[in-house]
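Two complexes are shown next, each including chain A; its partner changes from chain B in the first to chain C in the second.
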Partner chain A sequence: MTRSSLWLAGAVAATVLGFAAPASAANPVRIGILWPLTGNAAAAGQASKAAVEVALDIINNPHPELANLPLAATGGLPNLGGAKIEITFVDHQGDPSTAQQLATRLVTQDKVHALMGAYQSSCSFTATAVAERHGVPFMVGESAALNITGRGFKWVFRGTPIASDYARTYMRFFAEMKGQGKKIESIAVVNENTDYGTSVSDAIEAEAKKSGVPVAIRIPYSASSTDVSAQVLQLKQRQPDVVIFISYTADAILYMKTMRNLDYRPPMVIGDDTGFSDPSFVPAVSDVAQGAMNRSAWDIGKPGSTTAKINEMYKAKTGRDLDDTSARNMQSFFALAEAIDRAGSTDPEKIRDALTKTDLKAEQLMMGYQGVKFDNTGQNVLAATYLIQLQGKQYQLVWPEATANAKLQWPMTGWTP
Partner chain B sequence: MTKLPTSRVGVVLLAAGLLVYPLVFTGAFYHDVGVSFLLAAIAASAWNIVGGYAGQISVGHSMFFGIGAYTPLLFYTLFGWSPIAGIPVAIVLSLGLAALIGLPTLRLSGHYFSMATIAVAELIRLLVSTWSFVGAAIGLQGPASGRGWWDLTFRSELPYYYIFLAVLGLVLAVTAAFESRRFGYYVRAIKAGERAAKSLGVPVLQTKMQALALSAVFTSVAGSLYAVKTGFVDPGSGFGILVSVQMVIIAALGGAGTLYGPLLGALILIPLQTATNNWLGGGGSGLTFIIYGGIIVLIARFEPGGLMELWYRLRAKRWRKLDAAA
Partner chain C sequence: MIAVQVIVGGLLLGAIYALFSSGLTLIWGMMNFINFAHGEFVMLGMYAALLVVVWLGGGPVTFGAAAAGALFALGAVIYLSLVRHVLRGPMLAQILSTFGLALLLRYAAFWWFSANYVSLPGNALSGTIAIGGIFIPVAQLVAGVAAIVLTLLLQLLLTRTLIGSALLAVAEDPGAAMLMGIRPDRIQALAWGLSAGSAGVAGALLATAYPWSPSVGETFGLIAFVVVAFGGFGSVLGSLYAGLIIGLIQAASAFWLGAIYKDVVVYALFVALLWLRPQGLMGKA
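== the complex of A and B ==
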């Protein structure tokens, strides 16, 4: 077996020779971004990649027309002598172990100054652990799991709102509606029963308890159900004032149609993004779910506004309007770049320090947050969201009123003219 | 199956190559690739015992891998214990599961054993994804930074590399040891013809059970190594069907039922996976999977017995030539 074994030994060396060391340019700021660019969540990763490339253009080239965004007016990062940002995108394919390996590569081979990612919570868990071990700032652009922040990590920041922020937004909305004389005495939560639905409805239940509008009934169900009449009849019997759906696409559509068939129309229905934001949702239910609400932190806004200009740039690149998930990633990237510029250095310790002192105001953002400010776990405490309402064949921004471009209709009309 | 002349020189050279690899290719990323290769080789070699030697094609080995991965992290999450504490418990659990699965399903023949293992592994995956005690769909995490060496959470990849290498050595040594013993002949006899083996007095069910148990133990250890190294496991990465399929592909690619086949398979597949993803992944065009899949298709089409078989054939040809010359 001499030769075969020898060959094996030789192959150990030969197969890895191909990895080339990346070239390093003069003094650009290097950021490594981990996303699922293939696999199940490829669409989200690709859309976010395009969004961040638009953000990169805005930062690296002068865009005086977007002057309210930090770093837009100038080319590059002014405090680093106009240094440009360079991004290395990698594809973790939705696999936590690959995410760990690629984060290691970005830190040790590509020598990036900061990391960002990773969409799937599982990949964010492993990639942030690498950043923490090596002492590199990590911006979590968009991952849902609550405990990505709050594990005692020093180097992890998250710009996006999380389940508890959404729950708080709903409660603020209810309080305002009650102030206007609407009757909201009981709410129902209908959630799909995996990770996403369970964690969001837990958060809503906790916030509801605090705000004194108790969750009257909680109905978990499997998103692959083909019949939800039992759940709808349960709702019909309890007559809650608001029903919140935490659903994927097919089940969200099924609920709206079943409610029509069983002639059940609550005063208001609120969908928690996901299924209600799917491109196929509105065409499928617009004739039976008029007035259904949804959340989104992104709004294209009026023509000529900063957000509309950003949307035009994105649309020119991809042919689509910018979506909520990609926009939240884009905002997190802006916040990271702003902190690096304020740090005036690519030293990781200084960038981390600048991130902890981040204090962006609402008017400096492209999103409907109240600002960007990280608490000591790294979570953005000013993250919030808009509420939108299905009116006709599209969603309109209806709350908060100050930014609304249409008037809220309460109660929802459903299928009635 | 003829016993091939082994050479200690070759084994020593292979061992030496693996030992010095991290010293030649320095840098955490190369080490990490090395670690991934070793882990894949361990898991595929473990699968090889029952799937290769005994010919019982399990496509549900992720059930043992997952138990191996979950148990140490569960103990850490519940009690803050070192992940080391969970490894022996995982082995015992995997043995229990192997007995539970093996007794009814190893009586099945043909494709039914494969189908039964897929079904059980998927069942466990679904169960785990809804059971909040084990982290449900979110999964479990290990210590972010080690409290000491006993947490097996290292900043450097080097300790993992040598721990994994030692385990791989152990798996291969055990496999080599039974190859030439009665158990080794029994399993190969069963693979060649179960009914014939039975008629010659081979205790078929018992031997298959032993092979499955041994395989389960090492697969469970592979899972534990994965969990301490990654510091995270969720239903997909622990019990997912791709975990099982990767073991089968690697072993089949290198040569199922041969000692070094799974090692060779991992040696080709893992660097290939990493290299294609690193060169092309950032573009997001999906070319990674096209090239990766294409190579598997080529090997399956032209060398279905695995690369070790190709090697044996080439060598046999050379010997015949030498014989003719002499």
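== the complex of A and C ==
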């Protein structure tokens, strides 16, 4: 080969590469997200959508001020030549069969490289089965039912803590409270009766049995109830020391108002996130549910911290503080994006492989998890949660004591001054 | 004592069911026209109450009257602009038109008010009274009593006034009514106004006690259909009794059997009643 032909080959290669690089950068990574954007849980779906849009901004544009988060400092995914992520949001309205159809459409027609969703556990359950069948990675953002993972699926990953994690947290909390002399002789579990409520209360009952805490009564109900007086009267009759609610939004608000109306105030109420974390919950009940507890892995943190900055971005977009449900979805989205970047490819098999090797440390996260690392069922084994309490017009982190920013009030005061 | 509490709660709930169902019975029973958007009228009544409270302030009388007025106007406009025209079409077109209207109103509300749950701010009806150990939320008490009074007024209007006779005449035979000097269009527009207006007032009363979002109309719409069929098509008194009975059965079965059984019990009794008496409690065979 002559010198000039070498030059020529070099020039051709440079031209090809030179054009190829921007061409591949222009090829976006497509992610399909399924949420209830209308229907009963629409508020939660819309809030999560706004949160993921903030995450998208952080990933697609340079945000050096958030440099501890993977992908924040750079624009796009560096290992894919700076490719941007594009999201297609679809609305399953909280209906599992719609979720299944839409997941199929996202895979076969929109040809997305990965899926995420689907808020209601029942919808995640059906949508993940589609992903498994088609071999597309599915990140379950925040659905808590046990049975979503553990079906032997290879393509399903879940960033959030799950029902049994929460149940164990509650029991650890009760044990500590009893140690401090609080009376917890029996608890009641009130659950909406789809996959979410049923699996969480099953897990709570199982853990309560292990820890020797009697469950005085379990009340399953339908979340679309317009009246919950009968359930509150059942509680009033049994007088449990703690009532745990596994509820969606309207029903959670209705329970708090009905308890006030029927003059029933147990020593403590714990909401299992979801309805209690919905943006409409606190404004609607802060005058009647003082001291109600909730779980959250999200804490806004001190001004200037990464979490506070994320919260400011979210607030500028929506006018509200970021809530736990949306924040867990956002964290799961970050974890998915980080794996896609590490895969350096949009090939589903490579993304799946990267997800199985995910190992994010606590300081790389926006949530109070110990990290993100998936076991062979796809469950994040380092997920954890805090307990928070409604004090005044907002939730304060009260447990574990080491991370608390306010003192736990026991018993709850409800509507009394 | 707790049994009395359950019964009182059931009756108060039933009274509100009765109020928003009486408007539906007016249209369905008397005009043979199924209005699938009735639950959405209730929903709009709730938002009308909220807007009045937020923009203008004012107590329950103000926002109740405003919701009734706004929905009366909307009902009449919907009749004149939509229903009047589809009445000439086939039955299926009639059914689908109000179904489409329901979706339009619901998603317009999603767009305008967002999907977030809202509640009325605390007002004169917040709080609860205790009588001999029975707790009665003021909002539900007022709503229940108002519902019974308004339902009875509607019944009187239909049976004791000239307007009522005209309404019945048009329902019976529009052609003959026209020959008697009644203008069917005006009368039907009035009926739609009354129907939507009573749904509006029921919505305003419900708003004092329940949180809601634009999808709430679905839930209330379904209950209204059951109450009307149970009570008998076209019978306002029938829907009052049916509302009270259904409220009571729901409360009692939820308390003694468990919340997840209450709808099973209600619908089982509903089907049984229709089997024994297809025209409903008070309907004419």
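By our rule, the second predicted complex is superposed on the first by the 238 of 417 C-alpha atoms of A that agree within 3 Å, B and C clash if a C-alpha of one lies under 4 Å from a C-alpha of the other, contacts with A are read in each partner's own complex, and residues count from 1 in each chain.
The definition used in the following text is that contacts are C-beta pairs under 8 Å (C-beta built on N, C-alpha and C of every residue); 3 or more make two chains touch, one makes a residue touch a chain.
The structure presented is a predicted model; accordingly, all values stated were derived computationally and were not measured.
Of the two partner chains, chain C is the only one that A:Ala230 touches; chain B does not reach it. When the two structures are aligned on the shared chain, A:Thr104 is found in touch with chain B, with no touch to chain C.
By the document's definition of touching, of the two partners only chain C reaches A:Pro279; chain B does not.
Applying the stated contact rule after C-alpha superposition, one finds that A:Ser345 touches neither chain B nor chain C.
Contact with neither chain B nor chain C is seen for A:Ser305 once the two complexes are overlaid on the shared chain.
Ranked by how many residues of chain A each touches, chain B and chain C are led by B. Once the two complexes are laid over each other on the shared chain, residue contacts for A:Asp95 go to chain B alone; chain C is not touched.
In the superposition on chain A, contact is made by A:Asn193 with both chain B and chain C.
Using the contact criterion defined above for the overlaid structures, shared-chain residue A:Ala42 touches chain B and also reaches chain C. Judged by the document's definition of touching, chain A residues 37-38, 42, 45-46, 193 lie at the interface with chain B and also at the interface with chain C. The residues of chain A lying in touch with chain C in their complex are 37-40, 42-43, 45-46, 193, 219-222, 224-231, 233-234, 236-237, 249-250, 253-254, 257, 260-263, 278-281, 283-284, 287.
The touching residues of chain C, counted against chain A in their complex, run 2, 5-6, 9, 13, 107, 110, 114-119, 122, 128, 130, 135, 137, 140, 209-213, 215-216, 219-220, 223, 250-252, 254-255, 258-260, 262-263. The residues of chain B lying in touch with chain A in their complex are 4-7, 9-11, 13-14, 16-18, 21, 24-25, 27-30, 32-33, 36, 129-130, 136-139, 141, 144-145, 155, 157, 226, 230-234, 236-237, 260, 263-264, 267-268, 271-272, 274-275, 277-278, 281-284, 286, 288-289, 308, 311, 315. Across the interface of their complex, chain B is touched by residues 1-13, 15-16, 18-19, 37-38, 42, 45-46, 49, 88-91, 93, 95-98, 100-102, 104-105, 107-109, 121-122, 125-126, 129, 132-134, 145, 151-153, 193-196, 198-199 of chain A.
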